[in-house]
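What follows is chain A paired twice: with chain B in the first complex and chain C in the second.
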Partner chain A sequence: MADALSIKRSVPVRHASGIYWRALAAHIRSVIEYPADLWIMASAGAVWNVLQFAFLAVLFANIPNIEGWGFHEMLMLSGLLSVAGGANALCFDGAWNTGSMVIKGDIDYRITRPAPVILQVGSSHIGLQSFGELALGFAMLVYGWIGAGVGMAWIPVGALAIVSAALIQTALVTALCAVNFWIKSPMSIFAFLLIQLQGGAMKLPLGVFPAAVRIVSLFIVPVAFINVVPVAVLTGHMNAWWLVGTPVAAVAAVALAAGVYRLGLRAYDSAGH
Partner chain B sequence: MTHAFAVDRALVVIAFKRRLAYKSGWIFGLALGGGSMLISMAMWQNLLGGGSLNGYDWSSMRAYTIIGFVAATMVFGAADFQIADRILDGHIAVDMTKPVDFQRARAAEYVGSMISTAPTAALGVLGAWLLFDPPGPVTPMAGLLTALCFVLLFPLAFGITYLSVLVCFWTKRYMGIMWLREALLSFFSGLMIPLAFMPGWLQAAAWALPFPHFTTTPAAIYLGRVDTAGALGLIAAEAAWVVGLWYAGRLVFRFAVRKVTVHGG
Partner chain C sequence: MPILESQSLTKTFRRPDKASGFKGAVKHLAQRKYKNYTAVDGIDLSIDAGESVAYVGPNGAGKSTTVKLLTGILRPSEGTVRVMGRDPHTERIANAHDIGVLFGQRTQLWWDLPVEESLKLLKHMYGVSDADYKRRIERFDELLDLNEFMPALARTLSLGQRMRADLACALIHDPKMVYLDEPTIGLDISVKDRLRAFLRELVNDGTTLLLTSHDLADIEEVCERIVVIDKGAIAYDGSIERLKAHYITTKAVNLYLEGAADVPALAEKFPDYEWTAGEAPSEVTVTYESNRFTTAEVLGSLTAQLSPRDLSLSEPSIEDVIRRLYAGELTK
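After this line comes the complex of A and B, so read on.
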């Protein structure tokens, strides 16, 4: 596979980016052909967020705060996490196909094309639930932002947090999907575990958990930088210096994903036909 | 044993063995369910401390969370995708030529796959018991009725899953349907937050659905929040949902199956 990898390195960034967006646009055109799927998936994403909102509303009707975090601050946590998940599903959902592509030998075709394999695989699918997740997630984030009294001056920080959150989420999921180059399973178990456990734990303040969970989520698998750290800084629960860690975690996570995928491609041996 | 029951039993056994063959699924289910249970425990321990909310103290909430874990492991670990795939990939055309009832055969397979979650559930409960030392059932009768409640979860889970899977006759994918169902089940069953925390109108909406029987009903019986008569009433309601969903599945299938198009080849 070394020859194929050397071809990828010579691909200009603009060309690779063009292919990525064209592949994504082609996929959007194809999903619109199936309106029932589109509406059901978008509704699933929206309903899940509505129920998250309902959960928090019910909980905070009974308690004043969790570890000093109020209703609107917790809404910001849920909202930012949904936006990150929605961005991942919209822009790079194809990474979930890595396992099945490895088993079926579909990676072969991608290797022979003049574009980075990771971009081709990432743009091979769109998670239709992302439309609901992004819309409702953003609504929760804005509602929480206003309710928590975070000023307009913090909007640039919020924008940085959203971009970083989308990058970290996408990169971590992609890196864990790339594990399937070695374990040979159609299902990306580790990525699925990450989003399930993250979906439960990272909607709560870190103070709820034992020190070990805090250390892991901050420094080992930096999921806390997706939503908890930025929201904690915006709402005054953490020192502003922590915000530096958000773009740093984004760069590190992207580098990790690219590295793991590259190593996976080196370990890839075609299924044969 | 009649021929039909022999077929049911064979399908249960095959589905059970098929699932047990993938032992990584046990570890995955344990990590997923166990992780969610620990997150829930951490949240409630923080919120309840030494006090109580809506009749739940830390002791009863430990039992409630473990009951939720068992129900979630059974329901979310079952083989719903296999039913959906038969519709989506057109395998159902072959199924309809077989001398077995489609719904009954899928029910047998689904129950077999649910039984295969027993090792995960047992190991998770054992671990949770050692870690959190939850209270036992309020009386031996409550324990017995809780077990009966869990037995009825097998056909109840199938009824809800089967009805939702039939939507695949109109769609190309199953994922969104599954997410919708699991989201509604998680919220209205009380898995995310006990129904007692909800306002009256939302509780009424939840009890108009079959979902509360997945967590709220067994937990209420186990913790003694209802007496024996109340428990029997809840179990009767659960059984009524089982019957109603079974016949609703038959009705929808009769209509949906007209969508099947067999392409020659």
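After this line comes the complex of A and C, so read on.
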């Protein structure tokens, strides 16, 4: 049966992306009109990254490496993860509101408009901390890149890694937020759990973990492709063929998010019967 | 030809079947039981292009659920809906271009954006041309004073401003079928009047309208046809005029006598009328069947025999009829 809630079959991709970018641009314009809010939240995002930088600097002042990874390589790990998280908060922060929208019936209007619901929800809010996260995350990535001696020739690979990382991060968070179509809670607890696990585990080389964790993070919930795999390839810790997995994981994660959201919308029963 | 048609439209929700309190919640965790609740029960509805239909009923009757089924927000448990020949749920995108929706209890404005930005986003979403957008905004401004709050963020608007902006959002793409779910809820008299005048214009321009409201003045001023729903099923479907003619079978006269009114004695003296004591001791209300007695006959006999100090006539309103329909006193 044709599912009218799908993006592909119902709304031309160009029109849908136009709607999405306009909503995002409108929010950015609105945010800029309130500079105090922007600076405070952006600073919070930046401070978090400064603390990570300081932690790594202190750690590597005392130990030479972790599983063969040095200071600059570890800095790249943290930097790329921050860029992915920042891109998610800037471009699709509204997905975090899925649970509260389901409970309050705020999906209703979005279903009556000629645009994909997932894009309308994702672009309904931007996380102001993203500006700080993106700026400092990118700074850490560049500093680590130069320090690790990766070289200019790898810049296209780095660009692909950043785009894929942002897509995987956003898609996984969105898919986990969509679980709230069924569990009826305003808190996106599974997405929050993912962020917490990433913050703890995905800032370390995969080699420190047992095989089961490596398999799960590579092939089940492909969080390793957000930062660990691309950085490992760029710094020579993994074979270059692994890079193919990054865009593949991005496509798979986006398909998963769209699928879970579509199923969620079928289960949606609004509020106030 | 109907623009909207539903057949045996039914929506059943599953609700937890548990005892109240903490104990009930814990027991439900171990022994999960559910019961079905039918919010809409076999609704057959047909609306022709250009009709203005009031969809009324007591709280919990199934009005909003019906609107959600007709707009494609919910999937029917049973039955079918066709809006301009399409299933509004499975053909959501195509249907969206032809319908406008307003839920009075919720806003569709982007909360952190100025009203103008929300309207522009919708303009792009619906593919409205620059010329049409400009023309419609000018018209909305003329009737709803939109420019007064176009630059304001949605979260800073008063309820009246928010509702006017939401109405503009619902109509920016000139939809053929418009659903308004309690559009005047919580509004003051002047904003209500302005909205009703706007809706009358909309109907006069040929837009098909389905309106739900608890304010019966909305219905009398805007709609020609009324559908009364109770416990998920249609209790009445017909013109407002027919409803009045069919069900308003009594009229009343309020009498203000010189001294205190002795209601039992009056009832004995005039057994054809129904006598009720008024608020003041000298006030009494006489109710009579309008198909048996003319008002002139009633007034003639009462004034001749009681010499009242003053009197007033009261015409039962549509509100009385609806109240009696809700109470189950009247049938289809």
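Quick note on the criterion: the second predicted complex is superposed on the first by the 263 of 273 C-alpha atoms of A that agree within 3 Å, B and C clash if a C-alpha of one lies under 4 Å from a C-alpha of the other, contacts with A are read in each partner's own complex, and residues count from 1 in each chain.
Note that in this section a contact is a pair of C-beta atoms (placed from the backbone, for glycine too) under 8 Å apart; a residue touches a chain by one contact, two chains touch by 3 or more.
Since we're looking at a predicted model, the values are computed, not measured.
In the superposition on chain A, contact is made by A:Ser124 with chain C only, not with chain B. Of the two partner chains, neither chain B nor chain C is touched by A:Ala166. Contacts of A:Tyr109 after superposition: chain C is touched, whereas chain B is not reached. In the superposed pair of complexes, A:Asp269 makes contact with chain C only, with no contact to chain B. Of the two partner chains, neither chain B nor chain C is touched by A:Ala232. Legend: residue contacts after superposition of the two complexes on their common chain; A:Ile40 is shown touching chain B, with no touch to chain C. When the shared chain is aligned, chain B comes close enough to touch A:Leu51, but chain C does not. Contacts of A:Leu204 after superposition on the shared chain: chain B is touched, whereas chain C is not.
Contact with chain C, but none with chain B, is seen for A:His27 once the two complexes are overlaid on the shared chain.
Interface of chain A with chain C (complex): residues 1-5, 10-11, 15, 18-19, 22-23, 26-27, 29-30, 104-109, 111-115, 124-125, 266, 268-270, 272-273.
By the touch criterion given at the top, residues 34, 36-37, 40-41, 43-45, 47-48, 51, 54-55, 58-59, 61-63, 66-67, 128-129, 185, 189, 192-193, 196-197, 200-201, 204, 207-210, 213 of chain A touch chain B in their complex. For chain C in complex with chain A, the residues that touch the partner chain are 11, 13, 37, 39, 62, 64-65, 68, 71-75, 89-94, 96-97, 99, 101, 103, 105-106, 108, 110, 112-114, 117, 120-122, 124-127, 153. By the touch criterion stated above, chain B contacts chain A in their complex at residues 24, 28, 31-32, 35-36, 39-40, 42-43, 46-47, 53-54, 167, 170-173, 175-177, 179-180, 183-184, 186-187, 192-193, 197-199, 202.
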